[in-house]
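Listed next: structures, encoded as structure tokens.
Paired with subunit B in one complex and with subunit C in the other, subunit A is shared by the two complexes that follow.
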Partner chain A sequence: MNKGRVSPYLFLVPAFLIYTSVIIYPVFNSIWVSLHSWSGMDAMVFIGLENFRVLFFEDNVFWTALRNNLTWMILTLLFMVSASLGLALLLSANYVGRTFFRGVFYFPFVLSGILVGIIWRWMYHVNFGFFNEFLTLIGLGDFTQTWLGDPDGALFYVFIAALWRGVGAPMILFIAGLQAIPKDILESAEIDGAGKIKTFFSIKLPLLKETFIIVLATQIIGSMGVFDIIVSTTDGGPGNATQVLATYMVQQTFSFNNMGMGAALSTIMLLIMMIVIVPYILFTTKER
Partner chain B sequence: MKKKMVALVIMATMVASAVLIGCNGASEDTGNDATTEAPADTADDGADDTAGDGEAINLTFWGLSEQADGKEEVIASFIEQHPNVTIEWSGHSNETLHQNLQISAVNDTLPSIWFMWGGALGGRYVQYGVSRDLTDFANANNWDNKFTPASLELATLHGELAGYPRVVNILAVYYNREIFADLSLDIPTDMGEFLNVVETIQAAGITPLNSASIPGWHIMRYWEQLLEHYAGAELHDQLQILEADWEGNEAVINSFATFQEYADAGFFPDGVLSMEAADLVMLLYPGEAAMQIEGPWFDNSILSDDQDLDRFGVFAFPNGGSNRLSAFGEMFMFNDNLSDAELEMAVAFLDYMFERAEDFPGLVGRPIPQIGKDYIPAELTNVPQIFEMGSANGVFTISDQALPPIVVDELFNLLDYLVLGTTTPEEAAASMQRAWERHLAED
Partner chain C sequence: MTRKIRTNMIRYIVLLVLTVACLIPIVTIVLTATKSRADFFSGLGLFELPQQLYWANFTTALFDANILQYMWNSLLISIVKVPIGILVAALAAFAITRLQIKFPRGFLIYFLIGMMVPFQVALVPLNGFFANHGLINSFWAVTYVYIAFGLPFAILVLRGFFNSIPRDIDEAAYIDGCTKLRLFFLVIFPLAKPAVASLFILDFLATWNEYILASVLIRDRSRQLVTAGLMNFVGQYGTDFGLLAAGVLIAVIPVMIVYIILQKHFVEGMAGAVKG
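What follows is the complex of A and B.
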């Protein structure tokens, strides 16, 4: 073997060791723990797939949490992606102040999810919140709500807070994607008489394909891992109405000392995310 | 040849790293066994030690961030007198304290001393043998003459004295004296009078019972009073340890039914399910809510919020019988791995801390549960009355300490469902029974 062929592998060794110890090992260890009954303080007892059986066949909260994650994912794909694309289109045009507005829409993303959750919880507060005060002020007091106390609407109201916070990140990606479109193509389309709508659907949208893949993958992964904004707004309530897999995993692990069940939940989250991540990686590597 | 050498080096590195990771994993898996073995060895070793003999002693001490007032000063003062000792204090939020303790217990790296509540929360450390049983230490040091009986009882978990009692909390109804005076209301002495008071306050456009459902322990305080009312002391105590069934139990069903009636009648604040306990004073202080179940810490809270404490009085919830109040204990637990010398020094430090409580009121802020040291700052005017009521009426352990965590979580959910009207009192009683069965199966 010549030196040139060996060197790259040697350079990879440190990264491989770090990756193995902080990513690969914990993942497999977590899967191993999910096959056990373990409080975290006593000896682990191997129980096979019992934790998964309980989750799938006996645990209503698990199904509520899974359904909420999927609802969150659909809301994300529908509203987060379209809103960020819309903003990117608006903020890609040439006009004075566009940099300022880019900053305005991106700013909430630099705030922590916990902080955003606290801000919105107060805005939704039934007694002192902005929304109920505003509705009362404009004479629509009959339309005041309990907002986060409404089990049917709470998840959607929390999602609005997440949308406010998160729209800036995909927006920046879309702006970058739009700026990467060669100007001569757009000019040719204009000369050929294509209108703005035709240009968007026939030129911009197809050329944003790679950006879309990145945005969709990151948003789907993010929607499976949603945690902080739920904890800081509703803490999974009322009556588990906004429970998601991540919050339920923490509850099982740290409130109930049920490490095995918590690990089983994280394994299920991992598998669901793999359904998205594996095709995404295959697609992106194939393209190159 | 070179190719083989390189492959060998890489292989060896990988195997070494795998072994290292494996060792780490093995220590995690077996660490708890080692922990349970260790005390015998360390105790033997420690038997020869004597506290304060100049041997270096390093203690770590975890508690809540809100307990940090005065800690650094008292530690510095103690260390000045014990130059061979170091004490590293670390404050955590409520949730992170539990999480960090659990992670530390898994890795056998629990601190020397940690703050903990009684009941199921502290009981888990006893159950898994990672905290020190102080029974022998207490006997040898006459703790019966040192601590109040109630504090020792609340610190006794699974048959072990699990910790050094920090404080006993007794919960009473704080009420707004001005509202009661304006509406010519007397302190209710039975449930009939209580209901009249509540309805009169509501008719005046004021929320009678201030409470929040995030987290569920606040609104639970009302429900458990109703359970005490319907079950009476004996049955209530039996239910808390499953000596009586919850499913189909008339007292349990009635407690849930009345709780639901209170919610339907609007006795709790609008949006109670989306409110946090910390928000409640925003209704209480301006007189938009009249009553709130709180413990002796609430006097301090009112004063630190620059409110006039004279506006608020306390009474025992008139649940019937002797009107028992709910109570819970707080304590300091010790790592089971401590040597005898370390344990003695840790206890000496806590003794010193409590002796200096008058100099550092922020250290405890509530009466110290030690005989002859029941110092209560004069400005905490409701606290003596709460403790007098506790002594006279008796207490029961607060539900979220008395019941196992899974059952507590189910209770919190059920109270939400009852407010929402998505479950019935009968179904709630049956769900509590099932939660108990899940706990027993997993235990």
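What follows is the complex of A and C.
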């Protein structure tokens, strides 16, 4: 049997080289830089774990950023996941117009986070934005807000923009998961007299397990790395109220020229992400 | 029967309300783009239309503010990056799923751990390397970086699809004297067309929408990609809301048109891609 003389490993070479040079090498380089004090211009000075010590024990902004990432993750798990599952349940039945509605709810996801952020910053504009104009129009002028200018609410308002953009993606995954449930199981449940709610909790939900794993993994990763939509709405402000690890990392690196601190922050992001991704990868690559 | 009609009614009402809510931001942008700066400061409300539509917003955004140029740059990079990236990923996925190599799962895991590396991690090393080698502003260098970041997801998707192609095909092809390369290019890759099509759309979108690498690795204004270009545009024309909205619309419209034409592929691609 002639399978050709080309070694099978040659097929891996382009991917391996490109991937290793752009992703794996910088990971180690970044960890190395995180152990130094470095402005990017002068010589690097080795300082051990000093950057991490400063972040953990002396830097309030770091804790704000970390807390905001966790808040974002909780908001995502609460609202993004339940809203997308709700829409999927609403849109998985067979009736006229469902393709249209799916298309509408999924559409914002094809826009970039930057674009969505710019759009919503305008929606929240204090003087001319949609929300304050609308509240005034319907006679609720007393309820107008400073929105993104409010340190306590800004993160939540940015999250609403992210929800608008992102809800369609897990929705599509849930719809696919729901449609994969065999019809006869649902029919026999109906014959046995199970109500809608019972069917949902004891049949649909357990059978959506794999979909849930994908959705939760992607949403948690997304929450830890959230960046574009924050940069284009509040850029971490007001004060540092909406700072997250990714925005703070970029600020340390490019505004404060503190490469070591930036690298330390990205190392921390990487470690947090590993906790989620490693089990996920082991699960998806399992031979079935 | 009446009960069924009632549930249907409720369903449609809920869906219509949600659809309206979902379209509000886009409608707001359209309304804003019709107004000049003077309209806003003379007290014209957001929901009122001006006496005359202010078309100058669109021409200014397209040409003076360079948005057309930014979109062209992004298009150039995307149409080079996406096909090459998919081919490179497909070769690797082919070796992992269908060739006799040692540790196929090890290689797969090696490629997939890239999914947990945020762009920020690569930012400092890449920025340093690019600056030292005169590669800042180079489209080729950015394309190379984008190819790398697209690989983990593409390999995950293609590996799932290749696994679903029966192995007898390989045996039959080898017996007929097919080489590995011919098997890949003439049999397996063409069979993966549905996966490749959805991957093409998702990958194109990811490239088009990427921001942080684009903003750091390309500094020259005229070479900027659409996301970073839009951020500059916003910074530059801060309070000219009509103009900003026109710029946003110009960036939204091509994506919207492609989306409407290929909607089925977007929606099914997303589900198919992850299921594999």
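Of note:
Keep this in mind: the second predicted complex is superposed on the first by the 263 of 288 C-alpha atoms of A that agree within 3 Å, B and C clash if a C-alpha of one lies under 4 Å from a C-alpha of the other, contacts with A are read in each partner's own complex, and residues count from 1 in each chain.
Operating definition for what follows: a residue touches a chain if its C-beta (ideal position, glycine included) is under 8 Å from a C-beta of that chain, and two chains touch if they have at least 3 such contacts.
Just so you know, these numbers come straight off a predicted model, no measurement behind them.
Three-chain overlay on subunit A, with subunit B and subunit C in a clash.
Of the two partner chains placed by superposition, A:212 touches none, neither subunit B nor subunit C.
Contacts of A:9 after superposition on the shared chain: both subunit B and subunit C are touched. In the superposition on chain A, contact of A:102 is made with subunit C only, not with subunit B.
In the superposition on chain A, A:251 makes contact with subunit B only, not with subunit C.
Set side by side, subunit B and subunit C differ in how many residues of subunit A they touch, and the one touching more is C. With both structures placed on the common chain, the touch criterion links A:79 to neither subunit B nor subunit C. Using the contact criterion defined above for the overlaid structures, shared-chain residue A:281 touches subunit C, although it does not reach subunit B. Once the two complexes are overlaid on the shared chain, A:266 sits against subunit C while remaining clear of subunit B.
By the touch criterion defined above, A:23 reaches subunit C but does not reach subunit B. Residue contacts after overlaying the shared chain place A:41 against subunit B, while subunit C stays out of touching range.
Of 99-107, 225-233, 297-305 or 423-431, the subunit B stretch that intrudes into subunit C once chain A is superposed is 99-107 (criterion: clashing C-alpha atoms).
Under the contact criterion defined above, the residues of subunit A that touch both subunit B in one complex and subunit C in the other are 1, 6, 9, 16, 21, 25, 29, 40, 125, 128, 253-254, 259. Here subunit B touches subunit A in the complex through residues 2-3, 6, 10, 13-14, 17-18, 20-21, 25, 29, 32-33, 95, 98-99, 102-103, 105-106, 124-125, 127-130, 213-216, 269-276, 279, 282-283, 288, 405-406, 409, 413, 416-417, 419-420, 422, 442, going by the rule given at the top. Those residues of subunit A that touch subunit B in the shared complex are 1, 6, 9-10, 13, 16-17, 20-21, 25, 29, 37, 39-44, 121, 124-128, 146-149, 151, 154, 234-235, 237-240, 251, 253-259. The residues of subunit C lying in touch with subunit A in their complex are 8, 11-12, 14-15, 18-19, 22-26, 28-29, 32, 40, 45-47, 88-89, 91-92, 94-96, 99-101, 105, 107-109, 111-126, 128, 144-145, 147-149, 151-152, 155-156, 174-175, 177, 179-182, 184, 205, 208-212, 216, 226-227, 230-231, 234, 241, 244-245, 248, 251-252, 255-256, 259-260, 263-264, 266-267, 270-272, 274-275. If you check the complex, the residues on subunit A that touch subunit C are 1-4, 6, 8-9, 11-12, 14-16, 18-19, 21-27, 29-30, 33, 40, 87, 90-91, 93, 95, 97, 99, 101-108, 110-115, 118-120, 122-123, 125, 128-130, 133-134, 137, 164, 169, 172-173, 175-176, 214, 221, 224-225, 227-228, 231-232, 246, 249-250, 253-254, 259, 262-263, 265-267, 269-270, 273-274, 276-278, 281-282, 284-285, 287.
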